[in-house]
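Two complexes, one shared chain (chain A), two partners (chain B, chain C).
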Partner chain A sequence: MTVVPDTPAPPFRLPRPIRLIGGTALSLAITILGLLLVTFIIGRVVPIDPVLAIIGERATTEQYEATRIALGLDEPMWKQFAIYVGDAVQGDLGQSLRTRREVSEDIIRYFPATLELATIATLFGVLVGVPAGVLAATRPGTWVDQIVRIVGLMGYSMPVFWLGLLALLIFYGILGWVGGPGRLDAGFSMMFELDVPQRTGMILIDTALAGEWAMFRNALSHIVLPSAVLGYTSMAYISRMTRSFMMNELGQEYITTARVKGMPEWRVVWVHALKNVMVPLITVIALSYAYLLEGSVLTETIFAWPGLGSYITDALFAADMPAVLGGTVVVGVVFVTLNMASDLLYRLVDPRAR
Partner chain B sequence: MTLLSVKNLRVTFDTEAGKVEAVRGVSFSLGRERLGIVGESGSGKTMTGRSVLRLIRPPGRIEAEEMRFDGIDLMAASERQMRALRGQRIAMVMQDPKYSLNPVMKIGAQLTEGLRLRDGMSAKAARLKAIEALEAVQIRGPERVMEAYPHELSGGMGQRVMIAMMLIPNPDLLIADEPTSALDVTVQAEVLSILDGLVRDRGMGLIFISHDLRLVGRFCDRVLVMYKGRVVEELEAKNLMNATHPYTQGLLNCLPRIGGNRSPLPGLDRAAEWAE
Partner chain C sequence: MSFDLPFRRSTALVLASLLAGAAPAALMAQTPEDTLVIADAIDDIVSIDPHEAFEFSGTDLVNNTYDSLVELDPTRPGELVPGLAESWDVAEDGVTYTFKIRPDVSFASGNPLRAEDAAWSLQRVVKLNKAPAFILTQFGFTPENVEEMITFDGDTVTMKTDKPYAPTFVYNCLTAAVGAIVDKETVMANEVDGDMGNAWLKTNTAGTGAYVLRSYKPSDSYILEAREGHWRGDAKLRRVFMRHIPEGATNRLLLERGDIDISREVTSVDIEGMEGNADIRVETDLAGYIYYVSANQKNEALANPKVLEAMRWAIDYQGMTESFLKGEQTVHQAFLPRGYLGSIDETPYSLDIEKAKALLAESGVTLPLEIKMSVRNSQNRTDMAQSVQNTFAQAGINLTLSIGEGAEVLGEYRARQHDLTLQSWGPDYPDPHTNASTFALNADNSDEANLTGSLAWRNAYDPGELMALTEAAVIERDADKRRALYEEIQRKHRDTSPFIAMFQENNRTAMRSNVQNFYTGGTVDQATYWLVEK
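Right, the complex of A and B next:
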């Protein structure tokens, strides 16, 4: 008797883009869950009693117990974590002890300032850093290379608070070319709060949408200096990395091919080589952007910039754990999301990774 | 008629460890014929080929008493003149298509960029011409290959694309630098016969650089044998078996032969005085 083997049905497979995005979303979810676990554990481990922090030290034992139960602290750990995750997913990160507002509400107020600053700083870093790195790589050992090297080295080694103070002193204090600390002049600040619909919380975008061009120009004059100071650091990093990636690509054989074909030098460098340089550079740019999005505490302090960095620092000094942990979760989510975005972008630029 | 004449070519690299002379006084001339350049790794054969295109990267330096291509003084030519020559009249096929094709550009874009940028051809016309060139190197489904990226092609396919790309402008001189060394043996013969056919049909000059003396002997009219940056022997390919120089004889004897005896192959003699 012969046994006819069953031919197995071909396994069902989703279309490739869906699998790709699905896989990315899944690993995003897992990473964020891990992040929440870490902040949850930190919240239980720190020697700050969340109940005392709310009701104060002179409360009675009954009040203490009632608040403890209201906060769900009598539940088993796993259930507390489940509630925490459930709340976080719905955007509820608890209430700040310092501001008495929802942490999520606070973050919506502070994060756009950081986002605006970090984006402009990164734009500056890329638009200056990449060409500078390319110029240095194509002229190694010349004065152009030396200048890029020295300017970059200064960006690395000068403390940002000192650079910020110096920049404020020169360009605001002495020359008066730019606006001073803060996001707007005091007069405009009030007008912005009252008259301009805050669609994104980013002043440049909101004022442009509302057609408030005087206010837009004022905001621009305020953001130029802090974003240049922040962007200088990321420009230094990006230009160094671009230079070394570009040097490496220019030694490759396909560059010789392009030259054999009689392609002009600009095309060899800015098209053939740069397309390949973009592959590793995307990760570098995304990481330096993510780093700036965490909120640069020193820069925000010097320029009185009400961003995420100063929000978390202030919360930390006030032992405001919900705000600290909530801010940490947001920073973590931003970091993970940017990483995923750079992964997806990477595939777009490099056909071998698809 | 002489297409290319080279007299006393030198390629020097000024490195931190001192001067390295990769090519030390090489002379040859070439008509519309096939010239083979043979030698071990580091004998200067690749540098000789690239010097003709003036594509030696700093710190490398090219010096020559004379280097003339079709009446044009290559040593005195401006970079702009060189670019015009490179694109149109002198082409080069390199060793490994894995590295010599741009990994992030589609084959189609790489094939047509010369036509579009230099000859100002329309996208459509350039595409047609590129497809024609792919057909000439016997690629089936050229439309599909145009849309592919280099990593999606096999080595043999990649090298045929490379040959197609270099022959599109119909050059007068083709430098083939170990064009089959990176390929599987079965594919080698195929690629060689395609190259052979195209060079013969179009009557172009060919410099065929290889370390395989027998292959060069079959494929070329004339052979230069290089050793440590110098030409030690120049001879007609048909007289290869009567080579007089001990280094050439050594190169011939160090290859195994099917059906030959299985005693250890003789090592290659490298006497210092041959390099003088």
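Right, the complex of A and C next:
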């Protein structure tokens, strides 16, 4: 009698997508812990006395000591860090020194304006940048390519502060084509505050949901300029990357095959080649989106845009470290998350990366 | 090639959508006729509860939504006028004040104003004990005794102080934002955990003021709406819309386009740029801030009176206000801001290098004198410090500038670790005692006393005879004698103390030329919206 040996049971393995997501979540957690450590250290080494910043010039010594203890600053460093991490994980980023409000509450109120601006800016960057990059790649060395390159270079090299002010001066100050700084004109702004239910905090969405179309158009006229200024930089980046990916792709054999088989050129470029280019482009777009969420600080200041960037800038000028660091943590988390998401997407979409 | 087409189409689409959005902008360029639109930096607001608010923007809001028993006439600085009390009096004993409440006044809720509301509001200040509470508690009120010290009967509120004070001192303190009268019933209906409605009043108003708060978004905007039938007469404009816009260049663009009526955040550069624009007017009035240099008396050389006098003659006051401080600061050489009871306008000191050199030679210190000066890192302060450094060097004092972040410089100052420091000071309430008590009072000059709230202590300065004079001034019942006392104190302080007062700051407000009657409150910093017309 032959004994069929037991085949060893295959080791238990989680399904692939779950493993992928689990691994990503772990590295996300480690990165965020590192981020918290950095912001914690910055908060402790800056030569700003948080106690003095809260109680102000007039306070007595007793008030000083009481506040110091209330802030937990008499505890050992490691314990302070443990408390900081514990609070941050629960969404408690501390209290703003300036306004005495919870930093997390402030951020929830400011973030939608930034999200709205960065989203429109990224749309602008993609809708203009990708076609411009494709165009340049299909006609390398021609005047079209040169123009795309020069416009792109300008986008890289011009300081956004200067570009924003110049754009405001020309399109708002002189020509009056667009709305000015702020998210709405004064009249509409008051109507929005008093009469429109603020469901998302994003004015374009809230006014559309309420059917306030005049207000919607006004909001659009206000967001056009800052999002174009903001989107210009990412447009420059996206168009350069698209061009180089596309050049690479157009040299592939399957493109030659398609052309030999008589496929129309627009189909070769816009369907076959672009589809493959889209894979690495996802990473580029996600990164520039994340960059806009954090890089809008100056644009928001100039355009009086009540977003996270303005919030961090105002806090910085007031030496309000909990607010600055809280904002930094949120931006950092968004950046890391978007980065990981694009990584995940990339691996799921592209079979070669599996 | 054929793929040109979709690209052109998408470009056209983007352009079209941009233009569609842009079109209505031109139509709404003016501010609404019945609304005053103001741009200011309002992110300093911690609370709009009048008994907690202690920042410029917060007290502006309080001034327009609440009233006090006694008020300052916004059109005539320093002049006391009846508010919610139609008359008031102080008894012969010098400690019993009575206020007769104005009849037929109502709160925004519709509740009638009663003497009970007034007494309760002042008690609430003491019981809450927030930042500005000391303005009232300095009269001897404590959470334990305040219910006996401040009482009401019929239409009269009675207030007893712990000892006799100058009546003008008491009245002036009641005009501060902390003296605002709140609607007891409404506030207590919103009490949470015994907070006397504090949490609710951080985002709501419950006063008798000319305006009612309709919407408040911290660090973003607030909207006020005028009340009908206000006892002072109705506000001229129905609404006030305050927008938080801190950037100077942005303020200027909005003002030039007519999208705001008033900007309180324009810089010198912007003001220069708007010169000759017939649509814009810039109004200047004096703010309460005094800029000064002070010398730590623990430093032997700096305690030498001849050295101090030499320094007074080695600063180019005039040169600075005529160049980089033009329009921003006015030369002022006394610790009380102009506009306060007892303030003096004299400016006896000016740049005289020879005199300074002679005084330094007489002083017996080793020359050149090497001294450090701590300065806060902001443009106008570092500019001032560099000018002082330059003229001091000509006289024989080598200044090293130590430039640091605000809280850092302040920390050093409070620990008495500076040599020289360039600082500013703003009054806490509209009475001369606010500055006199910090510049000229130092109850105990020892390090252990740690009287960090006193500027005299921070500089290890013993004011000597000025202490007695300051104590006398705060209880002097005759207003004229009181004024004379402050004048005397300031002159002596100016010539003998280690403080060198240099400038008083200006408020500069840029507005559309059709805007009339906007008062910033000047040195008191309580802006008045209800008189504005456009």
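Quick note on the criterion: the second predicted complex is superposed on the first by the 332 of 354 C-alpha atoms of A that agree within 3 Å, B and C clash if a C-alpha of one lies under 4 Å from a C-alpha of the other, contacts with A are read in each partner's own complex, and residues count from 1 in each chain.
The rule is short, and it goes like this: contacts are C-beta pairs under 8 Å (C-beta built on N, C-alpha and C of every residue); 3 or more make two chains touch, one makes a residue touch a chain.
Note that the structure is predicted; figures quoted are calculated from it, not measured.
**Student:** Have a look at chain B and chain C on chain A after the superposition and call it: clash or fit.
**Tutor:** Taken together on chain A, chain C would fit alongside chain B, as the superposition shows.
**Student:** Once both structures are overlaid, what angle do chain B and chain C make about chain A, taking C-alpha centres and a multiple of 10 degrees?
**Tutor:** In the superposed arrangement it comes to 160 degrees.
**Student:** Could you tell me if A:173 is touching chain B, chain C, both of them or neither one (first, second, both, neither)?
**Tutor:** A:173 contacts chain C only, not chain B.
**Student:** With both complexes overlaid on chain A, does A:264 touch chain B (first), chain C (second), both or neither?
**Tutor:** Once the two structures are laid over each other on A, A:264 reaches both partners.
**Student:** Return the chain, chain B or chain C, that is in touch with more residues of chain A.
**Tutor:** Result: the larger residue contact count on chain A belongs to C.
**Student:** For A:190, decide between first (touching chain B), second (touching chain C), both and neither.
**Tutor:** Only chain C; A:190 stays clear of chain B.
**Student:** Does chain B (first) or chain C (second) touch A:350, or do both, or does neither?
**Tutor:** Only chain B; A:350 stays clear of chain C.
**Student:** So, A:254: does it touch chain B (first), chain C (second), both, or neither?
**Tutor:** A:254 sits against chain B, while chain C stays out of touch.
**Student:** For A:333, decide between first (touching chain B), second (touching chain C), both and neither.
**Tutor:** neither
**Student:** Which holds for A:276: it touches chain B only (first), chain C only (second), both, or neither?
**Tutor:** In the superposition, A:276 contacts chain B only.
**Student:** Taking the superposed arrangement, what is the smallest distance in Å from a C-alpha atom of chain B to one of chain C?
**Tutor:** Shortest inter-chain C-alpha distance (chain B to chain C): 11 Å.
**Student:** Which chain A residues lie in the overlap of the chain B contact set and the chain C contact set?
**Tutor:** Of chain A, residues 264 contact chain B in one complex and chain C in the other.
**Student:** Which of the residues in chain C end up touching chain A in this complex?
**Tutor:** 1-3, 5-7, 10-11, 14, 18, 20-26, 28-29, 31-32, 35, 37, 41, 43-47, 131, 214-215, 217-221, 223, 239, 241, 243-247, 249-250, 253-254, 256-257, 259-260, 404-408, 410-411, 414, 428, 450, 452-453
**Student:** Write out the stretch or stretches of chain B touching chain A in their complex.
**Tutor:** 50, 53, 55, 57, 83-88, 91-92, 94-96, 99-105, 113-114, 117-118, 149, 151-152, 162, 165-166
**Student:** Once bound in the complex, which stretches of chain A touch chain C?
**Tutor:** Listed in rising order, the residues of chain A that touch chain C are 47-49, 52-53, 56-61, 64, 98-101, 106, 109, 124, 127-128, 131, 134-135, 138, 165, 168-169, 172-173, 176-182, 185-190, 193-194, 214, 217-218, 220-224, 228, 264-266, 269-270, 301-304, 306, 311, 314, 318-319.
**Student:** Which part of chain A faces chain B closely enough to touch in the complex?
**Tutor:** Its residues touching chain B are 251-254, 256-264, 267, 272, 275-276, 279, 349-352.
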